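In what comes next, subunit A is part of two complexes: it sits with subunit B in the first one and with subunit C in the second one.
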Partner chain A sequence: MSLQICVGEYMASDHVGTSLSAAWLPTIRTERFVTSAKDGTVDRSPDQVPFIDTEILWTNPDSDPVYTYVSIQRAPRSLVTSTPNQLALMDGWSSDIGASPSAALPVGDGGGNSIRTMMVRSYEAQIYTRTFRDYDSAIVYVSPGAVDPGETLHFRYRCLFSTPGVWRSPLQPMHLAYARWARLRLFTRPAVTGGIA
Partner chain B sequence: MTSPEECVDPGSFGVDADGGIYPLPHLTWRKVATSEMATIRRTFALTGNQAQDLATLRCSWTNTAPIPQRVYALLTRGSTTVTTCPRNHVYIETFYGSASGAAPADPSAETWVGRTGNGAYRGVYNGVTLQANWQTRLGQRTFGLGASSVIAPGATIKYAVRLRYDGWQWETTAVFGGSAEMEMSIDTGATQIDIFALPEWA
Partner chain C sequence: MAEVCVTRHTGITDGQLSLEPWSAPRIVYEALYPSGADGDVTQTTTLPGKLMIDTGIVSWTNGSPLDAMIRVWIDRGARQWQTSNPNVIQIRDRLTYAIGGQNPAVPDTTSVYTGQSGGGLDCGANAAAAPYVGIYSEMEDPQVHEEWLGPIPPGDVLRVWYRCYLWTPPPWSSNANAGSPVHTAYVNSMFLRLMAFPTQDESVAG
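Moving on to the complex of A and B:
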C-alpha cells in the first residue's frame, strides 16, 4: 500500500500510487480512415456531392481539460476535365464541444482542389480538350479547442465534389474525379497555463 | 494525506493553494502562440510582368518558463486559387524568416518555402495567340517553417511569413478574340502561423 498524497491538476494519487494523469500525456485518442464513395466519372454538379463524409465523437474521460488537435490527411487526388468545365473537390470541416455537441454540416466554402481550362470563349464553337491534374497527399491541422472532463468533441469532415461556374457539354468529354481517401487523427495535450488551444 | 510541499522538486512540480502538487506546464508539448490573416483576393492586368508583396504575417513568443524550450512553427495555408490567361505564368510564393534572442528585431521573410501557380500556352496561329484561360486551386496544407530553435528563459522568437505574387509574361502578341472573358486573378487563402514549445533538457 502506497501513501496517498494531495495532488493538483494532471496528477492522480491513491492507495496504489501517485502518477501523472492520462490527460497530461500528449497522445492520439482516435483515428478515422474513410474511403471515397463516388470516385470515377463525374458529370455536371452545381450542388456539392459528398465523396467522403466522416465524423469523430470523443468524450474526455479524464479528470482534467485537454486541448484537441485534429490532423486531416487527404489522399493524392486526381481531376480530369474538358474545356471549359471546372471540377472541384472541396474540403469542409466543423466542430462543436459541449455536453451534447452537434457540429454544423461542413460545406466546402472555397477550400480544396479544383481545375478549369477555358480554351474557347462561351460564344465560340466547342473544341476537344483534356486537362489532367494530380495533387499530392497533404495534411492540414485544425484546433477545435479545449474539452473539459466529461465534455464531448464532435468533429465532422467532408470532401465535396461540385462543378462551379459555367458548364458546356464538350466534344467527347472526359470528366473524372478521384478523392480516394482521408485519414483523421485526434491528438490531445494538457490544457496547461501558458498553452493555447 | 501528506502535504508534499517540502519534498517535491520545484523544477518539475508546483504546489497549488490547496497543497496539491501538479506538473509544471513547461514540461509538456504545447501550442504557445498563433497568428492569422484572411485570404487576399486580387485582380491583375492581362498583360505585363507584375510582381508585388501581398502581405506579411508575424507571430512571436517569449519563453516565460525557467528552463530552455525547443520551439518550432507550423504554417497553415488556406486554399490557393490562381487564374491566368495565355502568355502568362503566375504564382503565389511564400517566404519566411525568424529571429530569436533577448530582444530580436522583426525578421524579414526571405527564405523561400512555398510556390503554387500555373500558366498555359498554345502558341501563335495566323498571327494571334490562341486562347487558354487556366485556373487551378490547391487545397489547404500545413508545413514546417525551417529548423527548430532552443529559446532560453526570457528570450523571444519571432517568425514572419510573406506572401508574394509574381507573374512572367514572355510575349505580347495579341490574343485571338481580344480580352473578352479573360482573367488574371488570385485568391491566396488564409494564412496561419502556430508556434509550439517542448521542454529542452540541456
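Moving on to the complex of A and C:
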C-alpha cells in the first residue's frame, strides 16, 4: 500500500505506486497496413490514379499532450516501361489535428519513383526498348504535431500512379507498376518544449 | 509510516530515487555488416542467388522487469550496379525474427522478401540476334527499412536474422552489350540497429 501523492504532468500516482504516465513514454500508438489496389499492367494515365489510399484517426486518450510522428513504410516497388513512356508512383500525405479534424486530400508531392527512357526522336519510328527498375523499401518520417488530450489526429496517405508527359504506342509494349503495400505507424512522445509548465 | 512506492521505471538505491535505463528509448544493438561479394556479376538466374550479406542470428534478451518493444532499422548502404543490354540485376533482402525460445526462419528471398532493388535496360538485338551496344548504370541512395517488434516479455529473447542476395532475373544473354558484357554490383553494407522502447508499468493506474 502506497501513499498517493500529488504529481505534475506526465506522472501518475495511486495506492499501488507513483509512476511515469503513458504519455511520457515514447511508443507506438497505432499501425495501419494497406495493400495496393491496382498493381499490374498499367496504361496511359495523365491524371493521378490512387494505388494506395489510407488514413489514421487517433484520439489522445491521455491527460497530457503528446507530440505525434508518423513513419510511412513504403514497400519495395517495381516499374517496367517501354520507350518513350514515363511511369511514376508518387507519395502524398496530409494531416489535421483538432476536435473533429479533416485532413485535405493528399496530392503526390511527397516524393516517389519514376522511370523513362527515350530511344528515338519523337518523329522517328518506334524501336523496341523496355526499362526495368525496382525500388527498395524505404521509410519517411512525418511530424503532424502536438495533440492535446481528447483531440484527434487525422492523417492521410496516398500513393498515386501517373504517366507524365508524352505517350506513344510502343513496339511490343510492356507497362507494369507495383506499389505493393504501405505501412503507417503512429508514434508519440511527450509534447514538452523545454521546462514542464 | 506512510510510504511512497514507485514504478518499475525507477529504482531506489541507498535512499536515492533514480530512473532506470529501460524507462527511455535506447539503442541495444548496432553493427555494420559489409558485403562479402561486391564486384563482378555473372549469370545467376536461379533464386535466391548470390549471398551478399549474412548477419547470422542476432539476439537480444530483455533484462528489464517490464515488456519491451523493439524498433529495427535496416540501414542499407548506397547501392551501385551496372548491366549490359539486355540483362537485369536484382538485389533482394529479408529480415526474419522470432520472440521466445525459437530461432528465426532462414531469410531466404526466393518467394518472400523485405526489400528489392535493381534494374536494367532491354533494347533488343539486331537481325543476327546480337544485342545492341548499351550499358545501364545506376547508384541508389541508402534506404532505411523499419520493423516494430514485440512486446518482448521480461527475460525473453528476440532473435533476428538478415540476408541480402543478388540474382539476375532470366533470361540472360551471354553476348550482351554487342558481345562485350559488363556486369557489376555493389551493395556495400547494411547497418543493423535495434532500439528498445519502454512500455507502461500497468500496475500503477493513476
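In this section, the second predicted complex is superposed on the first by the 187 of 197 C-alpha atoms of A that agree within 3 Å, B and C clash if a C-alpha of one lies under 4 Å from a C-alpha of the other, contacts with A are read in each partner's own complex, and residues count from 1 in each chain.
Everything below uses one rule, namely that a contact is a pair of C-beta atoms (placed from the backbone, for glycine too) under 8 Å apart; a residue touches a chain by one contact, two chains touch by 3 or more.
Computed from a predicted model, the values in this text were never measured in an experiment.
Novice: After the superposition on A, what does A:Tyr67 contact: first (subunit B), second (subunit C), both or neither?
Specialist: first
Novice: Does subunit B (first) or subunit C (second) touch A:Met119, or do both, or does neither?
Specialist: both
Novice: Under the stated touch criterion, which partner chain does A:Gly17 make contact with: subunit B (first), subunit C (second), both, or neither?
Specialist: second
Novice: Touch check for A:Gly111: first (subunit B), second (subunit C), both, or neither?
Specialist: A:Gly111: touches subunit B, not subunit C.
Novice: Applying the touch criterion given at the start, work out whether A:Pro76 contacts subunit B, subunit C, both or neither, answering first, second, both or neither.
Specialist: The answer is second: A:Pro76 touches subunit C but not subunit B.
Novice: Per the contact definition in the header, classify A:Thr27: touching subunit B only (first), subunit C only (second), both, or neither.
Specialist: The answer is second: A:Thr27 touches subunit C but not subunit B.
Novice: Should A:Arg185 be classified as contacting the first partner (subunit B), the second (subunit C), both, or neither?
Specialist: It touches subunit C, and subunit B stays clear.
Novice: Based on the superposed arrangement, let me know which partner A:Glu9 touches: subunit B (first), subunit C (second), both, or neither?
Specialist: first
Novice: Of the two partner chains, subunit B (first) and subunit C (second), which one does A:Phe132 touch, if any: first, second, both, or neither?
Specialist: Second partner only, subunit C.
Novice: Report, in rising order, the residues of subunit A that make contact with subunit B in one complex and with subunit C in the other.
Specialist: Subunit A residues touching both partners: 3, 5, 20, 26, 115, 117, 119, 133, 135, 138-139.
Novice: Give the list of subunit A residues in touch with subunit C in this complex.
Specialist: My answer: residues 1-3, 5, 12-14, 16-22, 25-28, 31, 71, 73, 76, 78, 83, 115, 117, 119, 127-139, 185.
Novice: So in the complex, which bits of subunit C are touching subunit A?
Specialist: 2-7, 9-10, 23-25, 69, 76, 79, 88, 90-91, 113-124, 140, 143-146, 148, 197-201, 203-206
Novice: Any idea which subunit A residues touch subunit B in the complex?
Specialist: Going through subunit A, the ones touching subunit B are 3-11, 20, 24, 26, 67, 69, 74, 77, 84, 86, 88-89, 91, 110-122, 124, 133, 135, 138-141, 143, 189-190, 192-197.
Novice: Can you check the complex and tell me which residues of subunit B touch subunit A?
Specialist: Residue list for subunit B touching subunit A: 1-4, 14-16, 18-23, 25-26, 28-34, 64-65, 74, 76, 78-79, 81, 120, 122, 130-142, 177, 180-181, 187, 189, 194.
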